Structures are given as structure tokens and as C-alpha cells.
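The following pair of complexes shares a single chain, chain A, combined with chain B in the former and chain C in the latter.
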Partner chain A sequence: MDFIQLVISGLANGCVYGLIALGFVLIYKATEAVNFAQGDFMMIGAFVCLGFTNSDFLGLNFWLSIVLAMGVMAILGYLFDWGILRHMSGQSQTSIVILTIAVGFILRFLAGSIWSHEPVSLETPFAGEYVRAGGLVLGVDEILIIVVTILLTFGLYLFFSRTKLGVAMQAASQNQLAAYYMGIPVKRIQSLVWALSGVVAAVAGILFASKGAIDPASGLLGIKAFAAAAIGGFGSLPGALVGGLIIGLIEPLSARYAPDGFAGIARIAPYAILIIVLIFRPGGLFSQTQKKKV
Partner chain B sequence: MRFVFKTSYDADIKWFKHGAQLFWYMLLLAALVALPLIFVWTGNPYLLGEFTAVLIFSISCLGLMLLTGQTGLASLGHAAFMAMGCYANILLLQAGLPWLIAFPLSGLLAGFFGTMIAFPVLRLHGVYLALATLAMSIITGDVIDLTERWTGGVGGISVPDIDIFGFVINKYANPYAFYYLCLAVVLICVAAYRNLLRSPTGRSFAAIRDSEVSAQAMGVNLTRTKATSFFLSCTAAGLAGALFGHSATFVTNETFDIVMSITLFLSIVIGGLGFIHGAFLGAIISGLIPVLIANGRTILSTTMGVNINIPGLESALFAAIVIAFVLFEPMGLYGRWLKIRTYFELFPFYRKDMFRRQKSYLKTERVQ
Partner chain C sequence: MSAPLLDIKNATQRFGGVVAVNDVTMHVNKGEVFALVGPNGAGKSTVFNLLSRFYTPAEGSITFDGTDLLKLNSDQIPSLGIARTFQNIELFEQATVLQNLLVGRHRHRKTNVLSDIFFTPSARKQERQHRHAVEEVIDFLDLQAYRDKMISGLPYGVRKVVELGRALATQPKLLLLDEPASGLSVEETQDMAFWIEDIQKQMGITVLMVEHDMGLVSAVSNRVMALAEGKELATGTPAEVQSHPAVIEAYLGTSGIQKGGTADKKKTSKGAAA
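Coming up: the complex of A and B.
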């Protein structure tokens, strides 16, 4: 029972990591840019929702705030690409890495100044509610996280395989020039991918905040999501989720079953696994790299 | 406008291109050597400590510059290698080795372990190296915590004094000697870096940076060259870490955190990627910003009675500067200076696009 309990809470954590990784992989696939600020986008998404719904701030309806937060994050993502990144196209990847790291710092600062530097919890209608099933005690928040993640993944799958916009995004990500020739507005598509990734970040942030408290530093959670994405194989959407789940499961299990005196193992485990995966299966579990052509 | 006529092939690899350059660098060296005299005169060596800190930081900047600016690989975890160097130095000194052996050895150990871990990743695209080093940087603190028996963990460990043939150097007891020691290490590192740039190895680094595919076509062994660059870079970081330990005199698991890694990375961007000068300018800027903000705060509160105490302001300001540089001056401070210099050298024939870099459009490496 203990084990199943751990697994379910691990899965819930893993879903959040997976969702952050998903937003990160979306951008990487579409624009070849690595967004090191994805964790901070997640954090901002949570804070925006919190700003709408918490009684200290606007005190709006919870479900309305979720929609608003997703909208705000979509606009933010679009504007970031439109205003900054579009002017950097053609520059080296390193400069985009630098840029997004710096943006992460600024987002953390802004969140701290606008909302709070201390951890705050999101006021959800289902906070603290439990479901008893057999000998298990499951938090409603944990179940909700898993369900929402499944729904979102399914929705994204449909979006990419069935809609015209989704197919255009795939095309633009595979070969920019060829997509241009086919009449796809690649620049706008890229901005839309950023907007989509902002929405995913907002969902991840809201789920994360509903489970516990959020503070500006939780943007650093994004680093675990990078580990998840790299374990999954960087350019692969299902890989990102699987990677997130692996990391989410490893953390509580290694903390529970580590030998005495090695409790710190749980903090190292996600990154140790990342390094091990990179050493033995460098392309990640769902490897998609191939030899580069001239 | 100066014309340098090259009359032999050696002219391409000479240390100084012409006499004036030699003169200015010698003047800079003389100024650096004479710097402590000011503090002897005022009798307050506090600021000298800041200069020494900048010197130490610039050694690790040099190391990272070799990797990022010269070879085009991004490492977000150089503080981890500084930590390796620092703890290796402490442990070797505690084991009774003389400083003159322990110090270089600690650098080599940092380089060796860093390369061991990063070697598999070096075969991959640059982003993976950034990720792997980032992961290393995050777990550094926890690893130090886990190996508490040797490293002191959270409780920290104090760093033994430097002892060179009976001459003991301690940062507090003898700040001047410590300054000269750091200056000497900096000079050795710069000389090594400069020498490397004119050797075949250094040129293959630059070839990899500019195009991996063409470098490979020219017969450069990609993985081996990248590993060499990574090794040298980590060695410099390890040396800087060892000196940093002597300067801090007490290190804990939080000394070499991820913020330090990222600050290092961002400072070389501000300084100018690919230039030795850039490493120093970046180190100066990142050392200066906290001092400037602290002073600005004091001035504001004493003259106008305004108390600005916004947490995180320093890093946000630093980040804003970095964004401005990436967007408007990708070549950094030193690049700006080059542009200004060229403007006056060529006056009035300077063209706006002289330094424009060729754009490259990435095609995905993934299966299509």
C-alpha cells in the first residue's frame, strides 16, 4: 500500500515535470531554440492564475482564472517570440540559451516583486480533499493532475495530427525553408508555438501550485524538466512525458528506500539518471538524432 | 591608420603584432604590478581584496572562454569544476603535499574528472553538454553534502594557508602577497591561452566553433579536440577554484552554487565571446555590479532618504544587461571597443556592416 501511495504521488509530480518538459520540447522541435526559461514560464503561469483567483488579489472564480491565466501566458509567449526572438533568427543557438537564461532571472525577479518572494498557495476549490479507495488515501489534486495531463496530451496529439495548424507546425519544425516554399508563414507559426508552449506552462504551473505552494524560485523546477526532456530524447513529445514520469517516480522511491545516511540521494537521483542516460544512451530513450548532413 | 607589413611567416603568430601593442600591454602589466602600492599608501587593503577576487574570477572566465568562445561549446556548470579544484586542493594540502605540487595537481584533477564525465556527451550536439554540465552544477552541493567525511559538507571546511618554501601566504595576514600570487597565475594562464591560440590545437578549436562539418572535413578529430578543450577549460576552472578557496578561507557546500556557474557564463557573454580581453572585462563587470548597487543604495538612502531594498535586484539587473548585449551587441564589450577602434582607424571609411556576422539557418538534426 505504501508503495502504491508513493507511486501515485510520484506520478502526479512526474506529470508536472512532464508538462514543463512538453512545453520545452514543443519549442525545441519547432524553432530549434532551447528555452531555459520554461520553468519560469510555468512559475509565472501559476502566479498569474493565483493573482486572478486568490482573495488577497482579484478574487475571481477559480475556473475563470485558469482560462484567463492560460490566455495571458499564450499572449506572453507570443509576444516574447515576436518581440525578441524573431530578431535573433540566424544567430547561434548559444545566444538563445543565454537570452532565455537571462529572461528566466528577470521573470523570477518580476514574480517576486509583483506577487511575493515567500511561498504562497493557490486557493483551489478542491484543496485538502481526499478520496479513500481501499486502503489508499488519494488527494483530489493528485488525481486531477494525472487526469488533466492525460487529457492535455491527448488534445495535443489530436491537434498535431488532425488540425491544419498542427500539421503546419510540424512542417515548420522539420524544415524551415521547405515550409516557406509551401506557403506556411513560418515566423507566425513559430510565435504560435511559443504561445502554445505558454499555455502548457500555465497548465503545468496551475497543477503544481494546486498541489503545494509556489514561490519565484520554483521556476528552478524547470531544470528537472530539462532532465526529463533529455532522458526522453529531447525532440520527442511522448519522450518528454515519459522522462517526466521517470523522474517523478524516482524521487519519492529513492527517498523512501535509500539506505540510512544517504537521504540526500533523492535530490541527486534525477540528475544522476540524466547523466547516466546521456552516457549510455546519448540520444535519450526516444532518440531522434541522426548524422548531420552538410 | 597603421600598416603592418608581414615579412615572414612568423609575423602571423607573433605574440604582439607591432611595437605599440607591446608598449600598451607592458604598461598594463606595470600598472597591475604597481597597483598594491596605492593600498600600501592608503593603508587599507580592503579594495585590493576585490581586485584579487576579480583576478581569480577572470581565471575561470578564461577557462570558460576557451570552451565557449573558442570551441563554441556552452558549459553551464563551471562552478562544479571550480568546486572540484577547490576541494582537491584542500584534500591534497591536508594530505601533506606542498602547495606548489597540490595546486597544479588540483587543476589537473578537476580537468580529468570533468572530462571523464563529459566525454560521452561531447559526441552530441552542444545543447546536451549544456544540460549535462547544468546537472553537474546542481548536484555539486548535494555531492559535497554526501561526502561529508572528506569535504565537511554543510558544516564547511577551512582552507589551509599557502606555504611556498616556508613563505606562508594568508589572504588576511598578507593580502599583497596573495594578490601577486593570483596575478602570477593569471599571467601564466593568459600566456598559455595565447600560446594555444597560435598552435594547431587552438586553430582546430576555432574550426570546430565555426563549423563542425568543415572542421571534420579538414581532418579534425571532433570528439578528441572537444575533449581537449573541455579538459583545458576545466583545468583552468579547477585552478581558479583552488585560489577561490584560499581567498574565501572557508568553503561549504553552498559556496559553488548554480548561480555562480550561470554568472560565469553570462559574464563572458558581456565581455565578448572569443576574446581574451572579453574574459577580463566580463569578470570586472560581474565583480563591479554588486559593488555599484551597494554603493548606489547607500548614496540613495543617505542623500534622499530613499531605502531601496528589493531582493533579487542584482541578478535582475545583471540579466537585463545580458539581454541588452545579446540583442544589440552580440560581440560584447570588447567587440564594441573593436568597432570604435576600427571606426577611428578607418575614418571616414567605416561601414556599418563591417562586423555583421553571417546568419546560419539551422536544419534539424532529427529524423524527418
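Coming up: the complex of A and C.
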């Protein structure tokens, strides 16, 4: 029972990591840029929702606030690409990476100034509620996190495989030149991918905040999610989710079953796994790179 | 003859001090196959890239079917009915042949995100039409065996055909072929010649191509323009252009000292097509 309990809470954490990792991968695939501010986008998404719904701020309906937060993050993502990154096209990857790291710092500062530097909890209608099933005590928040992640994944799958826009995004990420000549406005599509990753970040942030508290430093969770994306094979959407789940699971399990005095191993376990995966499968678990034919 | 389908007037494109295309004027009539030939660096590909709107010419005008091309962006070109292939093949590598051809239908897809996700009857009907159009292309180019194969695993010759298929799937009025025969075997080049003929005669698509293989050019083109160093040397039927003194001079040189490489190239390609 103890084990199952740990697995479920690990899965819930893993879903959040997985969703942030998904944001990394979406942007990497579409623009070949790595957005090191993805964790901070997640944090901002949580704060925006909190700002709409918490009684200290606007006190709007929780569900409405979620939709608003997703909308705000979509617009922020779009504007970030349209206003800043588009003017940097042709610059080296390094400059873009440094830029996103800088943006992360700015976002953490802004979040602290606008909302709070201290941890705040998101006021959800289901806070503290739980269900008993057999000998298990499951937090409603944890169940919701898992369910929402499954639904979002399924939605994204339908979006990418079926819709004109989703297919255009895939095409633009595989070959920009060819995409142009199929009539795909590649630059606008890239901005829309940023918008989409903003939405995913908002969902991740709201889920994260709903089972605890959020503070500006939560943005640094992005580093762990980056490890998740790398484990999954940077560039694979299912890989990002699986990578997130692996990290989510390894943390509570390693803390629980580590020998006495080694509980701190949970903190380094995700990175140890990352190193092991990269040694044995340098492309990640779900890598799509082909061996070069000679 | 009515107004030409494609009309280029006094186009000039410079890269730094190099004049890649120098005051070129040409037109392509509806329904013809028009070939651009010339030694390497003559400016043929630059003309293509001007038409694709990679570059904006320093001077001159380009109109297609009455529309000023220079007012449009690259991604708006396909909606006019211009499709192209690339010298170095630009396909979607991590997708199947079928998926690549379906992306060619992009400009014809009129659905929105919601109707696509819920796969409404109208979206379904459109999907059927697109699949049907793509299957016709697959039949035409004999790609059945490769329909569900990933591009990344396909040999060069097949990729070349897939790229042609993707361009046809857009149902263009004008097809730009950038060296359709380069890298193909003799047999594959013959197939390409048949297809170009069918594309012109059965599908009624106008073709503008850049090609080094004079055999293919003579076999399929109605008119040819020879370029050298960005300038027009001669325009006319394949035979006229090949016997034009300025063209012979550009390929062989004047002083009687043969520039071996280019001369050989012309000879071999002629031989290959015979």
C-alpha cells in the first residue's frame, strides 16, 4: 500500500515535470531553440491563475481563472517570439539560450514583485479534499493532475495528427524551406508554437500550484524538467512525458527506500538517471535520430 | 498568343559585388515547357529563388498570371499556383511519402482546428478529397510501393520523385523544377522526361525548369534560354540555342583553348540522352 501511495504521488509530480518538458520539446522541435525559461513560464502561469482567482487578488471563479491564465500565457508566448526571438533569427543557439536564461531571471523577479516573494497557495475548490479507495488515501489534486495530463496529451495528439495547424507545425519543424513552399507561414507558425507552449506551461503551473504552494523560485523546476526532456530524447513529445514520469517516480521511491541516512539521494536521483541514460542511449530513450548511412 | 503566364522584366540581383542575375527579361507562356540552361554560376538557380521570393531583385518586375509576385512572401507563392522542387531535395524526413504528399494539399485545406479535431462530416469529406488527389499523384508517379515508407530510408532517386509528387499535389499552374535529372540514372532520367511530358500535355501544367542535361532539355522543352554570368545569351528552340554562337562560346571558349570540364560535361550529357 505504501508503495502504491508513493507511486501515485510520484506520478502526479512526474506529470508536472512531463508537461514542462513537453514545453521544452515543443519549442525545440519548432525553432531549434532551448527555452530555459520554460520552468519560469510554468511559474508565471500559476501566478497568473492565482492572481485571477485568489481572494487576496481578483477573486474570480477558479475555472474561469484557468481559462484566462491559459489565454494570458498563450499571448505572452506569442509575443515573446514575435517581439524578441523573431528579430534574433540567424543568431547562434547560444545567444538564444542565454537570452531565455535572462528572461527566466526577469520573470522570477517580476512574479515576486507583482504577486509575492513568499510561497502562496492557489485557492482551489478541491484543496485538501481526498478520496479513500481500499487502503489508499488519494488527494483529489493528485488524481486531477494525472487525469488532466492524460486529457491534455490526448488533445495534443489529436491536434498534431489531425489539424491543419498541427500538421503545419510538424512540417515547419521538419523542414522550414519545404514548409514555405507548401504555403505554410513558418514564422507565424513558430510564434503559435510558443503560444501553445505557453498554454501547456500554464496548465503545468496550475497543476503544480494546486497541490502545494507556488513561489518565484519554483521556476527553477525547469532544470529538473530539462533533465526529463533529455532522458526522453530531446525532440520526442511522448519521450518528454515519459522522462517526466521517470523523474517523478524516482524521487519519492529513492527517498523512501534509500538506506538510512541517504534519503537525500532523492535530490540527485533525477540527474543520476539522466547521466545513465545519456551514457547508454545518448539520444535519449525516444530518440528519432537515424544512424548516418555511409 | 495571350498574355504570358510568367513575365520577368529586367530583373537584376546582386550579392555584394557579384551580379548574379543581370537585367534578365523572359516570359513563360501558358502550357509550355521552358528550360533555363547555362554553366554553373550562370544565375539559373538565382532566377528560381527570385520566383520563390527568397530574394527581392534590386531592379525589375515579376508578374505571374497578372499578380505582382514581388508584393508577396514566400509562403504566399503556393496559393497563386506555383510549386517547386529543389536541387538538393527538401522533404519532410521524419514523415512517410503519403504524409509528405498530404502536406502538399495544405493550401487546399479549408478546415479549422475544431472541425479537424472533432472530424466533422465536412472535415471528413475534405479529407477524402485530399486523399483521393494524393492517390492520383501516387498512381501517376508509380509510388505505390513507397506509400507508407519514411523518407529518411528512401534512396535518392525515389526522393526526387516524391518531391515532384508533392509539388504536383499542390495542383499548381506553374511547376518549377530545379535540376530534375541531377543525380538520376539514365533510366530514371527517361522516366522523368515522360513525366514532364505528361505533366505538360495531360495535366496542362506549365513547366519552368533548370537543367544541365541537354538531352532531357531537348527532349521535353518547347523553348530554352541560355544564361551565362547572369546574362541572357540566347532564347529559342533547343536546337536554335544549342547552335547559337554565343552559347557555344560560353561553353567552349573562343580562343580555341577548350575548357575541358564544361565541354566534356556537355558532350556526356548529350550522349546520355541519345
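By definition in this document, the second predicted complex is superposed on the first by the 289 of 294 C-alpha atoms of A that agree within 3 Å, B and C clash if a C-alpha of one lies under 4 Å from a C-alpha of the other, contacts with A are read in each partner's own complex, and residues count from 1 in each chain.
The working rule: a contact is a pair of C-beta atoms (placed from the backbone, for glycine too) under 8 Å apart; a residue touches a chain by one contact, two chains touch by 3 or more.
Keep in mind it's a predicted model, so treat the numbers as computed, not measured.
Applying the stated contact rule after C-alpha superposition, one finds that A:279 touches chain B and leaves chain C untouched. When both complexes are overlaid on chain A, the residue A:186 reaches chain C alone and has no touch with chain B. When the two complexes are overlaid on their common chain A, residue A:167 makes contact with chain C while staying clear of chain B. Touch counts on chain A: comparing chain C and chain B, the chain ahead is B. In the superposed model, A:159 lies in contact with chain C only, and not with chain B.
Of the two partner chains placed by superposition, only chain B is touched by A:267; chain C is not.
Of the two partner chains placed by the overlay, neither chain B nor chain C lies in contact with A:125. Once chain A of one complex is fitted onto chain A of the other, the partner contacts of A:112 are limited to chain B, with no touch recorded for chain C. Of the two partner chains, chain B is the only one that A:99 touches; chain C does not reach it.
Contacts of A:59 after superposition: neither chain B nor chain C is touched. Residue overlap on chain A between the chain B contacts of one complex and the chain C contacts of the other covers 174-175, 177, 288, 290.
Partner chain C is touched in their complex by these residues of chain A: 155, 158-159, 162-168, 170-171, 174-175, 177-186, 288, 290.
Residue ranges of chain B in contact with chain A, taken from their complex: 68, 72, 74, 76, 117, 120-121, 123-128, 130-132, 134-136, 138-139, 142-143, 145-146, 212-213, 262, 265-266, 269, 273, 310-313, 315-316, 318-320, 322-323, 326-327, 330, 357, 359-368.
Interface residues of chain C facing chain A in the complex, by the touch rule stated above, are 52, 73-79, 83-84, 86, 90-95, 102-104, 106-107, 109, 111-113, 116-117, 119, 152, 166, 170.
Across the interface of their complex, chain B is touched by residues 29, 32, 34, 84, 87-95, 97-99, 101-106, 108-110, 112-113, 117, 173-177, 216, 223, 226-227, 230, 234-235, 262, 264-265, 267-268, 271-272, 274-275, 278-280, 282-283, 288-290, 292-294 of chain A.
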